[in-house]
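Please find the structures below.
Common to both upcoming complexes is chain A, partnered first by chain B, then by chain C.
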Partner chain A sequence: MNCLMVNNQRRERGTSNFNYGAYHPLESIYAALDDLAAEYPSLVSKQEIGESYEKRPMYILKFSTGGTSRSAIWLDAGIHSREWITQATALWTAQKIASEYGNNPSVTSLLNRMDIFLLVVTNPDGYAFTHTNNRMWRKTRSKNSGSLCVGVDPNRNWDAGFGGPGASTNPCSESYHGPSANSEVEVKNVVNFIKSHGKIKAFLTLHSYSQLLLFPFGYKCTNPADYNELDTVGKAAASALASLYGTTYKVGTICSTIYQASGGSIDWSYDYGIKYSFAFELRDTGRYGFLLPASQIIPTAEETWLGLLKIMEHVRDNQS
Partner chain B sequence: MEIPPSHYPATRAAVVAVNYINYQHGSPNKIFTLQKVTKASTEDIPDVGHKYHLKFSLEDILHQDNAINCTAEILYLLSNQRTAPQVHFTVEGEFKKNTDEADNKFYNRIKSLQEPLVAQNIPDNYGNTSPEMEPISHLARVACGYIIWQNSTENTLYNLFQIRDVKQVVSNAPISALG
Partner chain C sequence: MQRRSAARLSPLLLLLLLLLPLAWGAGPWPPRADRELQVSSRLAGQAARVALHYLNYRLGSPSALRALGQVRKATVKPIPGIGHKYYLQFTTEDYKSSQNVGTCLATVLYLKRKPRPAVNINCTYTKDQKQTREDDYSFYKKLRQQTKPITGNDTPDSYGHIEPALEPAWALAVAGSSYLMWEKSTENLGYFMAQVKNVKQWITKDDSIDFDYLVILHEIPTQEMISCHLRVIWTPGHPLKVKYFCLSENQRSESGEGSGTESGSTNGIFNEEEANF
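Entry: the complex of A and B
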């Protein structure tokens, strides 16, 4: 009886009462995912793709207007838990996608042909830890055998140049790559999903901070075969993003723009065959860094949306 | 050798210069942030180190409409000498804003507190700083300017995020703060 009442209460509140311009703990984010699925039942559904190390569910939202085995776009946020602007931006984006279907011709045509999968909290254990213990926690919370230090950098743990330059062998390091590729269950869950889906055409991931739009490679300092196209699309996306509030992004490969870093997610997705692999580093450029004030959540999400849409439109129009 | 001004190797060197400038010229009411690197080149100096020549613009955190153009040279010494990079810079015009009055006001406020100031988490975990704490956060940036300059290498990019703890220590000399 009580459970039923709580569910009804959640449904009544709906997403119009949720404050997208604030930072929320994990439980509130998960409740908001349910609310979105309830508010847009013919478009949005929630799926569990596995559990984290500490057994928290990992939920994705699927945006689909039907069809069978459609091509899809993947978007994730919060792989590094302290990058709070990313989970907040992803949640706002979920609401935006849902509300734009049927209203925005571009989004409507996109969703009439392709699905979108959105993982708002890729690293839920880390995110919970940033609320309860250490605001600056970055890694997973897995125990490292033989060490007192906890956690693996989930963005050094992918099977792309694993163990190479730009990742640490020391469990106490913020960029510890882990004992082996995909050792982190959070990474493994995403890899399994992508592989079993089989028709993911774009892999987009949100990080902060620095205001960069990056594409492969990070594990090696040579350009990808699709350099010209990715650079062109990236520059168009950065330009669209800047058009709203003047926020400037730099575009380039990971290695040349920032530094060589092995085991990163978009290198894996690109080498796996997903050509449109991009990583956003959101606001700001260092004044607040990871501690971006909540007043910047909605402006950041609004401008990032323009960049994301530009990339998604290109994928829609060029998918093979 | 010219290098892309928008990429990290140039950014890292510029940030060293900005931290050095904050250490030399910052105050509770004057802190500079890097706006944009417009030109960058590197020079290898055999047996000495690696020198970056930069042109970049700064902005004063409290007067963001006013960009200040800078030219700087940052010399990273060979890695087996753990010494701070050498920084030389010039600015177009001067650091115009004179903040002596505001700084003295802050000094007097702190000096006349009933209890020595004690605080944590500036900004807080949500990025918020109260107006009374803003000058304290700027003071931390001045101090960190020194720390970051002293500890930087070509491959580091340090940034101050948060004052964990600050405690005012009363002494006969002007204000000291720990944290």
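Entry: the complex of A and C
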């Protein structure tokens, strides 16, 4: 009987048995990352970029076919922990990238020239909290000195118009920007990684909900210098996304499409010099909101993939 | 700027513009010298949603709930000393099936002094009205037949699942929350019903369906989750009766009560092929 049990556990851990169409707790997601690296050892490796406030590891997957100091694309999900469709989509996407290499000419040529870095759970403390305590938790879990309220909005904590309009000074607020830019270790870890890598050409991030494809700026309501190109690429990506199931996305700057919000990640990456900075707000438009049924995970991931690929192809073909 | 354009307009047109608040539908639409909004703008979508909150509340029909499809046209007119008036054209979807169910023309007036937006909304409806009435009635019958009151938590649950037995209660919560969200909406603050945290049915001695809810609203752009107690009393074909009491961060509480007699207007629904707007 012991032999049978061990065999069962081993089989459950293979990626072919992993249910990408379900929401998983943090431990299961981390196990799936290991399984992907084990299943595609020549393409996928797992790296730790630091720890969260509560000392959970922050793992990225690196997709690389070799070379030295290649340009790379960055993709992250789950910075706001209640946006469960984003972590689930990112995990599916990891599997997709791995399985498409060698099969899809576009993905193959992309990975032959560039690397991809994928951070599936940007806010692991928050994600764990949404499972144990409060499904609607958004922020980090850092303690705020002088307040009983916990957490900082990690997407108001970046060094881009920090402390400006669209972020709160109140620690009890869902959009509290924190005591200073990069005060949140989760944000600092990503910034450090991007800066030390030095050749990130695209910064893509997943949020939910609203079905929007956004580019800078959010901290100010003026258009970026690359407005025309970003708008064109964005519209092409939204069109590709819609081609699968008819899901419509609006495309535009953060300020004009969603609201003015300072301290956001793609504003920082753009001002840092990463031209191709985009944020997706995934399904839906408010019916289920954060509580998107699991049955929509794979359709969402499949359509989002088409949009992501469109952007990545443009980056591949236009990188300087 | 308004004075200049008024001077250039013919007397007839000027008269029509002045009568616009009284004669919506009869005057020129949308008015000139207003700011045309990008249909993708948040303010346009938000105003359209406010109009739909009002429609869903006034219709009081769980089977005919609508969600926003696409904004096709949006204009905003500042009315000095009063507020901002939005003129909108948008498509709508069935709340449950997401199928396109018609187009609406609406005005939403955000008043500087009054608490809630004034809405006028006219819509086409491509679903079979007889069918929705029957669906409402079988909803109602099922709920009336309860000997044990329906109770439940977390609908949808963390995984987006709605227990089939709780679907009618959830639909009524959406209708009741629509009143609440209409009342609370401002030009800058919008709402979505995020979750029914708790539902409890009261078995009544009369014809009505009576539910007590704790609902969680998602507030934009603050991202706050607001808890509200909601009491919904429903009899098909009658205006929805809604009472609410919301808790906020600062321990301030807001409450309100609706019974279908509030000002605003809608043509109800009329069954027509997609009209040529």
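Please note the rule applied: the second predicted complex is superposed on the first by the 307 of 320 C-alpha atoms of A that agree within 3 Å, B and C clash if a C-alpha of one lies under 4 Å from a C-alpha of the other, contacts with A are read in each partner's own complex, and residues count from 1 in each chain.
Here is the rule we use: a residue touches a chain if its C-beta (ideal position, glycine included) is under 8 Å from a C-beta of that chain, and two chains touch if they have at least 3 such contacts.
Bear in mind the structure is a predicted one, so any value in this text is a computation, not a measurement.
Once both complexes are superposed on chain A, the partners chain B and chain C clash. Set against each other, chain B and chain C touch different numbers of residues in chain A, with C touching more. In the superposition on chain A, A:257 makes contact with both chain B and chain C.
When both complexes are overlaid on chain A, the residue A:225 reaches neither chain B nor chain C.
Of the two partner chains placed by superposition, chain B and chain C are both touched by A:23. In the superposed model, A:153 lies in contact with chain C only, and not with chain B.
After overlaying the two complexes on the shared chain, residue contacts for A:174 are found with chain C alone; chain B is out of touch. When the two complexes are overlaid on their common chain A, residue A:138 makes contact with chain C while staying clear of chain B.
By the touch criterion stated above, A:166 is placed in contact with chain C alone, chain B being left untouched. The intersection of chain A residues touching chain B with those touching chain C, taken from the two complexes, comprises 23, 130, 135-136, 250, 252, 256-259, 285-294. Within the complex formed with chain A, the residues of chain B that make contact are 4, 6-8, 15, 33-34, 61, 123-128, 155, 159, 161-162.
Those residues of chain C that touch chain A in the shared complex are 38, 40-42, 49, 67-68, 70, 95, 98, 154, 156-161, 192, 194-195, 216, 218, 220-225, 249. Contact residues on chain A toward chain C in their complex (touch as defined above): 22-23, 84, 130-131, 135-136, 138, 153, 166, 168, 172-175, 248, 250-252, 256-259, 261, 285-296. Residues 23, 130, 135-136, 250, 252, 256-259, 285-294 of chain A touch chain B in their complex.
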